Every structure is written in structure tokens, then in C-alpha cells.
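Take this structure first; my questions come after.
Letters A, B and C name the chains as they come in the text, with residue numbers starting at 1 for each one.
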């Protein structure tokens, strides 16, 4: 196995008395798409900022490309690309100028910067917007410019902090498509997300974070099989009546979660469970059987839903 | 021992901003500003006029009311006396505007510095780059002012060419100080206090009347960085340099160095946390 | 009877002003005081030393000459700046004026309300300057009381035409040039620092056309008791003309912008 690109041991980030990251271990291999999954405030962004060398490590060890951010921050930063959570594009410049000047920050020659800019605008499908001011772009287009900009230095590692938060579904799919292509080309991606579908789509391997700690680790599929069942039956009985049939439901499902608006029953065969319940005169207002997702993994691990 | 060597070099860069070891990186920020202003040259161009209006107003108005004033034992028309003061003040005002309002906007609203720090640029590079552009713009205006003085035959000595580096130094001192102060500002409302500093400096730095007019209070002038700048430009205009010039230079250089160091440190503590 | 419509409009601006008036007044006083000391006293000492300066200034000290003009310039800057960015905020950024005309208020009420607000704000500033001028023997006179409404009128003579301009703009791009090429030159060449007779002959008529010069002359004449009724009436009429004309144009442009 190759030497890991990122290696963290007992990594801690403290802000005064608040512990944002509480002793995590991570290894990210070259060519991997690695995800941090967790709700807001789980410590994902703090971890990303430490990896990006814009936030000092409070305790523990962290190496990127085998280098120490404390001593070689500049060298590390010159080899990574960053897509921040909020777009930090240069509003005073055009799309094209944004990319060119960003290349200059990496000391890339002007001619080369121009060549890469036109290639990357082509890649993110924004060639016709090259001369537009960034302000005039939509949210999804801005995010694509951010991604193009992060790639201008041909980084060995790409950090994406919540790449699709705040985008509409169509824009998200366009973005996923571009990221998937990057992945196919062998780029190493590290991303944070609180969207289960995003993690399932893009990540080879992920860690689930909650309150600064890693609570589970693995591929999306293995996490689901380890912490959930194949299917989930969602039932609604109407307000305040979800708990009335709890005993009967618990008797047939492997595990039951009571949420304010619905009951989740974990089982290998959701339809079978629903049929059995109907036979026993437990008839919900509505019922839905779906495949288990990372959302269920998170609920199982933390007792909370991710949307909180 | 390579380990101790790297540790020591990083200790050094913590104390002296490592920008001193590579001046190419801050240039990238100047490149960015040039890129921005290339599209709106009027913003730069219209800045030429304010100091010129002041100069002309002094010439047609006060100078004919006042006549000549005595400077260093020789009589000089008032307009020629006041011109170096206006030139130095213009360098101050330009630098302060660039390093306060403009920097605050880029810092808080455009989040420019956050994205710069994710690249190989460091906090010191950002500080020096931004201050560098403010100085460059200031020198452009000073140059135009000098040309106007020449055209109006108000330049007294060929040494006046040295007023350009002097104005660059005034600009860098005030830009460095302005940017350092800006890192402490919380909202736009705090900028109300900027004129509370620059206006008294403008009026009371031996700009409009000779040091002798201040009488027993002339020591207060020493506290004004602008006074030291005015003194330099005035010395250049007369072509008369004394040992005191070194003192004026030292004050402005120190203010610049302290301003840059404070700015770099503040960027680090505020943005790299 | 309810509150007049224009006062309901001014009320909004005064609410905002109430929160910042202390800092605002301090700023409005600080600047003229600094200029009084720096230019009035400092440069004044040089001017008064020159042999024939007194005759050029109409027989008064430079301090009296300059200080009596400051009431008008302070109003110009206060009201003038108010007519730029804060107006733009009401029209384009926070859309407060747009919100107003969806109530029973009419665009004309908004214009008058804005004028009332300008008048209140400049009155506070002018009163402050008048109090500062009582500190100096040369300018202490009952004329200061009469000069306050003149200063307010000078402010309106500036701010209302400027407001008409602002109400037709989409962005604040033209504002710095307005400051640089209109307000500052008037301040420097409009008879504040020196009598306009010293201007080159071709420039003198330009100063006559500037509202500031009329405000300055009238304030100065009243404070120093050096103006005849005919001249005073003329200056007053010009100021009223600028302010009234500005109001009329505003009613048109406000309507066009707010109810396109």
C-alpha cells in the first residue's frame, strides 16, 4: 500500500475551551475519494481547514504528503486545491480573470495560466461565461468556477467543503458529474457533506463524524450493511399516534426508530413486515418501503437525524 | 541536524514576516489590483484632481492674500511654500483611503484574504502586496502633482525629483498604519474615526504654515508622521538637506515596518485560527 | 387631523438619525472646528500679517471672513452627502422609498419628507457651528441666529437637485466624481477661502452660478452685518430658486423611478 496522502493521529482542534475536533485518526490514500459525513458543527470544516494549512493543529499529529503543516504550510498549500464552503471568488474580476490571477498566486506563468484557464472553463462547461463578472453567475455556476479555480494549480489533492450545499437539484447533478469525472481521472478528493446521497454518490470511503469524534468508518455500502438493514419501512399514523402501535411494530421489525412525524422500521423485507402488520390490524395512514441509506446509519450511530 | 535547522528558520519567519525573503509573491496582489483597475481607469484618473484643485485654490487665493512667507531664512511665495505640504498630504490621503475602506471591503465582504491564504501566499505577502499597491497608486498621483508644479514653475530645485521617493515612503507609512488599524475595525461605522485622525494631521503638520508659527507648541509636530513627510518634501523642493532629514526618514521607515508587522500578525490571528 | 404625510416620511429617516446623531453631530462639529483652528487662526495669522489683505477681505480679519463661511459649507457637505449614498439606499438598496409608496403615501410626500429630514439634519449641524463661532470675538453676533436658517436653505439648495439626480441612478458609480468635481471645487473656489474677485475673470461667473457662493455670501453678510437688503434678497432668491427648483424636479423623478 502506498504511503497515505493525509495521515492524522489523535488530531485535536480547540477554540479556547471549545473542542471542535476531538482526537481523530484518518488515513487518505492517493486516488481515493474520501468523505467526512456529519451534521453542522460536527468538526468537518475545522478538520478541512487544518488539512488546508489555514488553521493550526491544537494537538496530535497531522501530515500531508508526509509534510508537517506547521513547518511546510506553504509547500503543502502549493500542492492542494481548495473549494471552500462559501464561494470566495473575486467579485471584482471576471470568471477568466479569477482563474488567471489565482494561477499567478501559485507562481504559474501567464501563458500557462491562460492555457489552463481555457481548458478548465471547458471542463466545467462555462467557456461562454469567461468574460462575465462573477456576480452575475448563478449559485451552481459560481461553484463550478470555484472548482475550476481550485484545479488551476494541478493539485495532487482536492479539498471540497460541502460542495453542493445551497444548490438546486439540477445544479447538484451537474456538479456531481464533474466531480465524478475528476475521480475517474485518478484525482484524490477529500470532501465534507451532510448529504447522504452525495456521500453515497462520490465517496469510496468515509468517516461519520459527530461532535468532533469519528463514530464510524468504511465504504458507504459496508456502513449500511453494518449499521442498518437492507430495507426500511416508513409509516405515518398521524400526529401523536405514532407510539400507539409501538409494541406490535417492535415485535416484527429488527429495530424501530420513533421520529416526531413517523416510525422507521428496519427489516430485510419491508413489504413483508407491512403485510404482517396489516394482518394484525395495524394500519398506518401512509407507508413507504425504501432501501436503507447513510441517513439510517447516522440515526443508528447518534440517535439523531442529520437534518438537525 | 536538519530538524533544528527547519525549526529555527520557522522561528525566524514567525518574528520577521517571511515576505522579506521573497518579494515576488506580494507582487501577485499588485497584479490583481492592476487587473481590477484596468477596467475602471476613471477611478484612478479622477484621483489626480483633488490635490490639484487644492494647489490651484492656494495659488489663486491664499497666495495672493498672503504674499511671501519666510522659510529657512529665505522668502518664498506662499503657494510654493504650501505645495510640498499638499503633495505630502495627498500621498497620505490616498494611502489611507486605499488601506482602510478598500481593504475592509476585501477583508469582510469579498473574503478575498481567506481565499489568498489557501494558496501559497502568506499573511505577510498579503500585507506587503496590498500596501505595495497603495504606494504605487500614491506615487502615480505624486508624479502628476510634481508635473503640475513644474508646469506652473513652482519647483525650486532639481532635487525636487526626490519628492517622489519621499511620497512613496509617506504612502507606505500611512498605508501600513491604515491597514493595521483596519484589522481592528468591526463595522463600517468605525470608519467615522478615520477623518478624526487624518484631518488634524492634514491641518497641523506644518502643511499650511511654517514650523515657527507653532511657537512653543512646535514639539507636537514631531508626533505627526505627516510632519516628517512634509519636511522631507519641503527639503527636496528647496534642495536643502540637513542632518534632520535622517530623523524624518527613520520615523517613516519605523512606522512602515511596525504597520506591516502588526498587519501580518493580525491577519494570522484573525484568519488563520 | 393625522400627521402630515411628509412628516411620516421624515420620521423614518429621523428614527435612523436618532440612533447615530451623537456621532454625527460630533463629526459635523469636529470638522469645522478643526478647519477654524487650522485655517482660520493658523493661515489667518499669515494673511493678517500681509499689508493689503484686510482691504481685499472687506476690512475684516481672515478668521471672521473664513469662519462666517463655514456655516454654509458645513450644510453643503452634510446635506450633499445625505443626498447621495443614503438616498441611493432608500431607492435601490434597502428600497425603503419603494415600500413607502405602497402605503397611502405619494411620491410627492416622499420628496417633501426627505426635504424635511435634510432640513432637520442641517439645522442641527448649523446650530452646532453657530455655537462654535460664539467662541471667537470676530464672529460673535446675533447674526448667527439668523444665519442658521440661511445655512439650512443653502443645504437644501444643494441637496434637492442632487437628490433628483440620485433618484434616477442605478448605482453609486457617479458619486465619487460628484464629490470630487462638484462639491470639493465649490468648497475650494466658491468664495470660502478667498473672495471670488481673485479668481480669473472667466471663472468668476462660474462661481456666481454655484449655490454655495450665494449661501456663503449671505451667511457672511448676516453674521458680520456687512450686506445690504438688495444683495441679501438677491442671494436669498437664488437659494430659494435652487431649492424650489430641486423640489419640483424631484417630484417628477421620484414619480418616474418609484412608479415607472
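The criterion applied here is as follows: contacts are C-beta pairs under 8 Å (C-beta built on N, C-alpha and C of every residue); 3 or more make two chains touch, one makes a residue touch a chain.
This one's a predicted model, so the numbers in the text were calculated from it and none came from an experiment.
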If each chain is a node and each touching pair an edge, is that a line, ring, star, complete or other? line
Looking at contacts between chains, which pair has the highest count of C-beta pairs? B-C
Starting from the mean Cα coordinates of chain B and chain C, work out the distance between those two points in Å. 31
Which whole number of Å gives the spacing of the CA centres of chain A and chain B? 46
So, in whole Å, the Cα centroid of chain A is separated from that of chain C by 58
For chain A, write out the residues touching at least two other chains, lowest number first. none
Which bits of chain A are touching chain B when the two form their complex? 15, 52, 54-56, 70-71, 73-75, 77-78, 82, 84, 86, 88-93, 97, 101-102, 104-107, 153
Within the complex, which stretch of chain C touches chain B? 20, 23, 27, 30-31, 34-35, 37-39, 42-43, 45-47, 49-50, 53, 56-57, 62, 176-177, 180-181, 184-185, 188-189, 193-194, 198-200
For the complex, which residues does chain B have touching chain C? 42-43, 46-47, 49-50, 53-54, 56-57, 60-62, 64-67, 69, 78, 189, 192, 195-196, 199-200, 202-204, 208-209, 213
Touching residues (chain side chain B, partner chain A) in the complex: 6-7, 10, 24-25, 28, 31-32, 35-36, 110-112, 114-122, 271-273
